[in-house]
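Inspection log for the structure reproduced underneath, given as structure tokens.
Note that the chains are named A, B, C, D and E in the order they appear, and that numbering of residues resets to 1 at the start of each chain.
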Amino acid sequence: EEVLRLRLNGDINTLDPISTTNFTIRNAAYLMYDTLFALDSNYEVQPQMAEGYTLSDDGRVYTITLRDGLMFHDGSPVTGADVVASIQRWGKVDGLGKILFSKLQSIEAPDDKTVVLTMNEPWGQVIPALGKISSNVPVIMPASQAANDPSEAVANPIGSGPYKLLPDEWVPGSIAVFEKFGDYVPRDEPADMAAGGKVAHFDRVELVYIPDTATAIDALIAGEIDWIEEVPADMLAFFEGADSAKPIAARQSGNSMQLVVNHLNPPFDDPKIRHALQWAVEQKPFLQAAYGNATDRYLECAAVFFCDTPYATDANTERVLNRDVDKAKALLEEAGYDGTPVVLMHVTDIPAHDAYYSVLKPMLEEAGFVVDDQPSDWATVATRRASKEPVADGGWNLFFTGWGFVDQSNPMTNVYVAGDCDNGWFGWACSEELQELRKQFAEAEDPEVKKALAEKMQILTHDLVSYVPLGQSFPSQGIATNLEGFIESPVPFFWEVQRTQ
Amino acid sequence: MLGYVLGRLLAAIPIFILVAIFIFSLVHLTPGDPAVLLAGDNANPQQVEKIRERLHLDEPLIVQFGIWAGNALQFDLGESIYSNKPVTQLIAQRIEPTFVLAAVTLFLTVAIAVPLGVIAAWRANGWIDRGIMAFAVLGFSVPVFVIAYLLVYFFAVSLRWFPVQGYKPLSNGLLTTLHSVTLPSIALALVFAALIARVTRAAMLEALSENFTRTARAKGLGTFRILVIHALKSAGIPVITVIGIGFATLVGGVVVTESVFNIPGIGRLTVDAITRRDYPVVQGVILFFSALLILINLLIDLSYALFDPRVKG
Amino acid sequence: MTSRAPVADPVLDVRNLSLEFADRDKVTFALDAVSFSVGEGEIVSLVGESGCGKSVTAMTIMGLLPKHGARVTSGSALLRGRDLLQTSEREMRRIRGDRIGMIFQDPMTSLNPVHTVGMQISETIRKHRRVSRRAAEKRALEMLDLVRIPDAASRLRAYPHELSGGMRQRVMIAMALACDPELLIADEPTTALDVTVQAQVLDLIADLRRDIGMSVVLITHDLGVVAGVADRMMVMYAGRIVEQGPTEKLFADPAHGYTAGLMRSLPGVNARMHDELREIPGSVPRLDRKIEGCVFAPRCEFSSQSCLAPLPRAQERAQGHWTRCIHADAVCEAMSDNDIVRAWA
Amino acid sequence: MSVYDQVSATRGRHGGRISAAAGYLAANPATAICFGVLLIFVLMAVFAPLIAGDPVKIDPAERLTGPSASAHWGRDHLGRDVFARAVYGSRMSLLVGFSVAAIATVFGVAIGIYAGMSRVGGAIAMRLVDAMMAIPAILLAIAFAALMDAGILTVIIAISIPEIPRMVRLVRSVVLGVRQQPYVAAAISIGTGGLPLVWRHILPNTLGPVLVQATYACASAIITSAVLSFLGVGTSPEVPSWGGMMADARSFFRIHPELMVYPGVLLSLLVLVVNVLGDRLSDALDPRKMVRGSV
Amino acid sequence: MTGYLVLDNVGKTYTLKPSKIGGAVRHVHAVDGVSLEVARGETLGLVGESGCGKSTLAKLIMHLEVPTGGRVVIDGVDHSRLRGPALKQARRNFQMIFQDPQASLNPRMKARAIIGEILGNYGKASSQRVDELAALVGLGDFHLDRYPHQLSGGQCQRIGIARAIALDPGLIIADEPVSALDVSIQAQILNLIGRLRQQLDLTMVFISHDLSVVSHVADRVAVMYLGRIVEIGRTESLFRNPRHPYTRMLLEAVPQPTPAKRHARAAVSGELPSPIDPPSGCHFRTRCAFAGDECSSKVPVLRPADSPHMVACHKAETIASSLNMNVA
């Protein structure tokens, strides 16, 4: 029996990628779910479960046909009704999905093999939205499960992907086990990132949760596991002299780190003080703290939509990229900063975060901020960051988080350019202009126009300071040397991969 | 005998109630709103409110306690906020590794500590004694995670004798399981053995200074017989008692070792639940451990009868 | 005292035994030239106050002194001619419990509480005799009968705590006698017992001596006990035997200041009520330095300057009656009107 | 009187134990060394600013560099001075150790004496103590430290809470023993009662074992606080602590083992020294321990 | 009632926790309906074997234990009704000398503090008085600066005595004050107690298991057996002419350093029964040669044999005649 053992960055508590944007769950969900469309390595959308689709001449009606032989893990066939229900559920929570549904006239399944989407007006993002590679991924599940409230995770998830969850062997906090789904029919095309044939070569896939990264790497080298999602730069040295495993730089899955600013609470309710914050910090020490001398692993970058991407630009990045304590002080003075302490919810249980907070505090203090460093764990911060209350009542000022390349590089999914005020992501930066820009972007077809809109978004965002970018990194994955066929992709996939004989 | 056991179990009830109240208030009076945590990144206040209702977090504490205690009596410890699974199921899933780890540790400990303690007492104040006691104090003084890392480094990473981490369930065969828990058990046993070796030595010294030891010597008995048949058996009670007390310490060690060695036992479950603010699990697990300790102490009391006829029913 | 044995062909002959305890910075001269012997079938008693060295003497003979700290500086202890002090621990284990039986003061704690009485007796037998478990148990039963334990068969399976103090002491005796020892050393066998029980136990020892014919060293601090059962007695004070002789002789003709002091300080039934007792002033000397002269001199009403000079040889006053007192005659004279002395005279 | 009693009588059974203990310690080179080491730790903690540089200043550019003039033991993953952190770390350990010992002693003695002297109140107190003892100490500490706001006070309280019941039990059992002593009956019969009885007769004769237990509580508190830091529920990671240093270092254990070794050795040494002193103290207070029979 | 100390049907029952797993709760009637009087200036000796309740009785008199029945009246005052300061005031009138001299002194207090404590408790602290007391019991002032462990047993007992007489109490209970002492020291202490008794006109209860000691100090003697007084009478009368078979057995059993006793000891029979579950009726009947049916069903009460000599025995008369025959 061939077993593939994977160590993702976190544990999974559900396998419902609609109920959460959690990347670990997204990655795990790809094992068992399939999607209608998928991105290939050129970031082009290709049919996956869909045989193909036709677009009506007025550009409003998409008729999608399903492939033959699609089957859920419980043995029932995948029908158009299932697809409709799944997409409707996704549309209730996903950012892009919400926009799609706002333009949708109807979605129905005239028969078991067909799904018809009728738009109010032509909109070029329909197929890209359905082929979205990252959270929330519009996976297809049985209609009965798709009827669930999207905020609540499906209890016994059933997918139609190449691997099938074994719920009895799932021990949350420790291990989740999948077995090869014998009735899965892969596409004939060769695998190409998320697209193409998904051939399962292993009988069993185990997601082993090993919280301690050092232990995980040791386990990888000792052959106890086959793959690690992320190897911290410092630990690359573990692999020296080891022939059983190697690190691979995951160029495609770059990450960016951000300092998120709460616009509701003083002192950062004042734009001037937010600008002072920008002057007060610089990226390099953070990056060094996290990646040390591994300079090939990171990039100083202030582009809202990632560097080295179509929408990358350096417009309005002066305050972000340069540190000037005097300017910061001047701005604070000008704004009449009264010494309101900046509460740092210092996350101690994630090493990179811990390092970031440690770096941030002296920077802020040097620039004249009063800092109140409150040690905490990530779970607490994850709780507390949702609070819109004043600091004294459990609210907050700043926290660190990271987003991946796929999400950030797309203006439609980048949370910091939404300007959605109270309905937006944590920090609740508010800008009607940004909201308007996003609308225009969704409708724009011309790449040049899009590019211009993106640049405008960046300028506005850096002025608004919904966050302070702290650079971009290219984490490594660790992989057993006896694996071949590993697909390079921003989201890790485990079809195609097999053990060398 | 049966009456005594029942009596003891009855007597444990108020203690248990106190424990329950204690744990409940500890968990509920501390900051951090589990409902918000559960709701996730993109939840709106209505959703949070709904969750709060579902978990009765909107009721007064007393009512919450009543609901919780009432359910607990029916072995329903609620559902994990994190994984939405019944706490009892989570615990049940994880009993095996913890049990195996504890059992192997206990075996190793007794096998190491009791002979050491006996020898140290026999050679009291000599070099052997000092050596053993130095080991014992050292075992006390080095945190279990340091020992654990050293063991991993030498025996798993360098020598590759044992796995670095993880637990192989008994379904893979006893030997595989034992192989997978050897290192963590040794790490734990070293600390635990230090305690028990000391107490064994002290109890043996006590027994050896008793008049009946003098009698045994006056009868011309050999060293082994005096040490083992006479002294050790009467030193049994303090040794057994400290093994019982040590269990509480062992639980602490288990929490740490399970984390270091990534063993999916109850200790790991506990730490994870605490950092995740998974209140039902925290409550359930601590309650479980307390019940276990109370039970173990009862067993220990009963086992006194093995060593001392004066307490036999 | 001389090294000549007061009895011919003794079972036990202790000669010139000196012993010190060294403990870090402190030395205790616990025994100083102790000599005595025990004849065949004789009950010899060792009397003296707490701490005078009675137990240490017994433990030295048995080879049961702590390995560290105790040091025999001179002397020998011959069991039928064989020096126990030169015997290896291995050999001593064969002798203990077999040729010498010993019972201790405190029957409550001298039996192992976690083993049955039967096991503890038959264990001794099996250690020294190559017999089956069954045979050993049979012998244990006989021994319990011998020491007059009622319903012996069922008592074999009893634990010590299920027996009364007197019964426990009788079990101890049964255990000590299980292998027919030549010598029984009884270290204060009745001190922890009530008078009525004490009487029973003493009777038992006397009877067994008669029936079995063993020799007994009886250690006690109670002159009454000595008077009751001992053939000969040794009076010990501060690590030395100050006077020894046949019991009648010694009571009738005490010839040491300490013996005299003891007899006079006893509140007897015959003594007149509320009279002042004759005190022995002062208290027992510390043993942390060697005393050359008479150890009792500082408390002795008969003492003179010459008592402080190095100790004279022990004098034999009558057949087998030895004293270390240079004022023996004066003592004798002064004691002639003592109640106790008169009762024996 | 047994041989032991006599020896203890000549040695002094109870009285003047402290001075006797002091003498005993002085006569013991190993003990003196331990005292010396402890003293060094204390001095290190007190005079940390004079000995070492800034323990919290980070310097990411210099991270994980080896020993240098400015950082004798090199720098950690944030470029902080390991030596400085180690020196300042002794503050945390000593503070936690001594505070816990003090808190456990004060509360333990107060409650323990009450429980030992009062029948009804004692029974109630003991039920509470039983309940607390039924919760594994470290779980209680982890839960408490994790659920409250992190900070040194939280850590001290978290570790003290499970430590107190142990002390209460000990004190109570000793008090029950002392109460049976004839000198207590004597004191009552001469009209001493209430607080003076406790203060003059009960308390002083309880202190010996309490002192020993306090040293053990101190040692185990130091370890527990390290474990808490290690599990990430201890004090702020900025506050230098040995446990925290080891937790930080575990990722680098394979490449920079010294990052774990320095604080590990210091921690173990301190705990060792405290443990040994506790042992010696208990030996010194127990005359029986000085003469031991051998088989 | 005329006595200085009057015990009226005093009893004390202890409840024992089960000593075994699953055992039952048991009761010990440590003191069982004891009535007696001690006149002012008189010394009552109390003898009996271990566990018969002597110390318990002492504690009851000292109000260190609360009786489960009956009354203790000292100098007309029933202390069981007193509480707090009143009790404290009353306490100065009765004091105790303890069996184990060293254990009855707080090991952490110097002799001076120990004697001074009682004075301080009643607002009479005075170092002069302490010195006086020390001199009275034959201690030098250098002894006062020592801890108990630095003093010998006899010296400790002197301190205990000094403490007991510090406030001129009317009543002293001496619970085996010499049994832990060496023979040669015993006489010193007995003499001291005797002297003080005369000088201070003390009323005293003197407890001992040693008949010869009791006979030496007591005016009257009470014999206890398993919680009950079985015989009480003037010392000579009781020793010369014991009426209760137990008293006889005791007297026979005492080893005497006289040849008369040598081989003529009356057989002592039977085992001492456990106080937890004593025989019914007369507790002694299991060891008594004269026991009849009556003895197992009826508890004998103290009745005059020849006044003031009282005995609690159904067969006292029978025994008396047989005894006379024997002696004759």
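Throughout what follows, a contact is a pair of C-beta atoms (placed from the backbone, for glycine too) under 8 Å apart; a residue touches a chain by one contact, two chains touch by 3 or more.
Keep in mind the model is a prediction, meaning the values are calculated, not measured.
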Remaining touching clusters (ignoring subunit D, no chains moved): one piece
Chain pair with the higher count of C-beta pairs in contact (A-B, B-C): A-B
Separation of subunit C from subunit E, taking each centre as the mean of its C-alpha atoms, in whole Å: 31
Subunit B-subunit E separation of Cα centroids, rounded to whole Å: 53
Geometric centre distance via CA averages, subunit E-subunit A, whole Å: 90
Centre-of-Cα separation between subunit E and subunit D, whole angstrom: 48
Contacts with two or more other chains, residues of subunit C listed in rising order: 50, 68, 106
Junction residues of subunit D - those touching two or more other chains: 2, 146, 149, 232-233, 250, 253-254, 292-294
Contacts with 2+ other chains: residues of subunit A: 212, 218, 349, 377
Subunit E residues touching subunit D - in the complex, by the definition given at the top: 59, 62, 64, 88, 91-92, 94-96, 98-100, 102-109, 117-118, 121-122, 147-150, 160, 163, 166
Parts of subunit A lying in touch with subunit B, wherever the complex brings them together: 11, 13-14, 19-22, 93, 151, 153, 155, 171-175, 208-212, 215-216, 218-219, 221-222, 224, 349, 377-380, 382-384, 386-387, 394, 425-426
Subunit C residues touching subunit E - in the complex, by the definition given at the top: 49-50, 164-167, 194-200, 202-203, 221-228, 248, 251, 261-263, 265-271, 273-281, 283-284, 299, 340, 343-344
Touching residues (chain side subunit B, partner subunit C) in the complex: 125, 210-212, 214-222, 225, 229-230, 233-234, 236, 307-310
In the complex, subunit B residues that touch subunit A: 31-34, 36-37, 39-43, 47-48, 80, 82-85, 90, 93-94, 152, 156-157, 160, 163-166, 259-262, 264, 268-269, 272, 275-277
